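See below for the structure under consideration.
To keep things simple, chains are lettered A, B, C and D as they appear, and every chain counts its residues starting from 1.
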Amino acid sequence: MIEILYFAWVRERIGLPREKVATQAATVRDLIAELSAREERYAMAFADLESLRVALDQELSDFDAPLSGVREVAFFPPMTGG
Amino acid sequence: MIEILYFAWVRERIGLPREKVATQAATVRDLIAELSAREERYAMAFADLESLRVALDQELSDFDAPLSGVREVAFFPPMTGG
Amino acid sequence: MRLSVQTAPFDLGAEANAFAAAQTTAGAVVTFTGIVRDNGGTLSAMEIEHYPGMTERAIAAIMEEAIRRWSLADALVIHRHGRLAAQEPIMMVATAAPHRADAFAAAEFLMDYLKSRAPFWKKEIGADGAAWVAAKDEDEAALTRW
Amino acid sequence: MRLSVQTAPFDLGAEANAFAAAQTTAGAVVTFTGIVRDNGGTLSAMEIEHYPGMTERAIAAIMEEAIRRWSLADALVIHRHGRLAAQEPIMMVATAAPHRADAFAAAEFLMDYLKSRAPFWKKEIGADGAAWVAAKDEDEAALTRW
């Protein structure tokens, strides 16, 4: 089981802040394909990967990173703090 | 009559903060020569022009600037504020 | 080094005084404070979302990098989240170093990295509705100078 | 814009708060504070001499230049003279601008020019006697970047 977190407009499009998912996805990209195949709201949230960022276990990562051993995946738009 | 002001170690070497001087000096350099000829303490204070700065009527200037119309001349070392 | 991610307002002056008073070797203290702009009266509030856990880790890593690179005597970051009104302070950084060039460079570095690498997202709430603030290309570009 | 040349101590926090609170269009406030370093315990006091009249003129001209070049919303300079103890604040600058890059650049510009173009001279008083602080080549060199 992987815990998936969504922030900002990704959270709003998918309609929930976090969920637990049973997946065999090997990479972040595979996980995104799995989720997008589920429901339209996921497909919409993940439509443009250019405008998305991903963190694995709270470290910024990239879509080709392997998921083996990862417990927490977070998807969000580019950050706008400060 | 020109009012001459001295600051920091220039003031300490010459031994006074300000004085009024009657002079016909055409430039700052001429005024320095006049003062240096007066007494050893002036000659010492003006020995190294590289380590001196001059302001005319409270604006930074240079040693070749003309004195005509100037009411206040100030000599001091490079500034070290902030 | 002190780091606080909080919903409560903070007192810029009290923080700056406490930070400066704690310095014994630093001759230079720089602070930056970000304030919610009202965009000519169109903004009624700002909502800041963040990623608890990752936020603190990311900011701590950025601060440690700044302290190391500029041999800072000290550094402080306070960043709020939740709902903020126009004119309220969003965040502040402070840096202390023996010389001013290091304190300035480290404060700018902290700001550039906080903007683009700490997981905060801002939403502007106005009379016409709410909109997420888009990341600026110039903020990403600012990172390349370090 | 406010400029004060004074012997009295000032409260960095109170000044920073008052400056930030007065801003209505600026999203970014930068402060710099210079503190008397004790040089590892060898310094007992600092004496700052200045040129009354010229000091105010020179600082005002530098501030006006900074406000013009970076379209600042506001600027503040406080600089003390007379006798200061170790750990006391010597001076501060504050800048306010819509964006942080302008507030940072203007604050650094103000500091670089104050250091080398405002008529202040510092004398360090220690156990071994007193000595005028020599101007640093790097302070003069810092001006060339603007």
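Here is the rule we use: contacts are C-beta pairs under 8 Å (C-beta built on N, C-alpha and C of every residue); 3 or more make two chains touch, one makes a residue touch a chain.
Model, not experiment: these values are computed from the prediction.
Trainee: Just tell me the minimum hop count from chain B to chain C, counting one hop per pair of touching chains.
Mentor: Each step joins two touching chains, and the minimum needed here is 2.
Trainee: If you average the CA atoms of chain B and of chain D, how many Å lie between those two points?
Mentor: Distance between chain centres, rounded to whole Å: 26 Å.
Trainee: Using CA atom averages as chain centres, what separation in Å is found between chain A and chain B?
Mentor: 72
Trainee: If you average the Cα atoms of chain A and of chain D to get two centres, how far apart are those centres in Å?
Mentor: So the centre of chain A lies 48 Å away from the centre of chain D.
Trainee: Can you list the residues of chain B that touch 2 or more other chains?
Mentor: Within chain B, the residues that touch at least two other chains are 82.
Trainee: Could you list the positions in chain C whose residues touch two or more of the other chains?
Mentor: 34, 100, 111 - these are the residues of chain C that touch more than one other chain.
Trainee: Would you mind giving me the full set of chain pairs in touch?
Mentor: A-C, B-D, C-D
Trainee: Residue numbers of chain D touching chain C in their complex, please.
Mentor: Within the complex, chain D contacts chain C at residues 11-17, 20, 23-38, 87, 89, 98, 100-101, 103-104, 107-108, 111, 142.
Trainee: Using the touch rule from the top, collect the residues of chain A that touch chain C in their complex.
Mentor: Against chain C, chain A makes touches at 5, 7-9, 11, 55, 58-60, 74, 76-82.
Trainee: If you look only at chain D, which of its residues touch chain B in the complex?
Mentor: 34, 48-51, 53-54, 57-58, 79, 90-91, 111, 114-123, 132-135, 139-140
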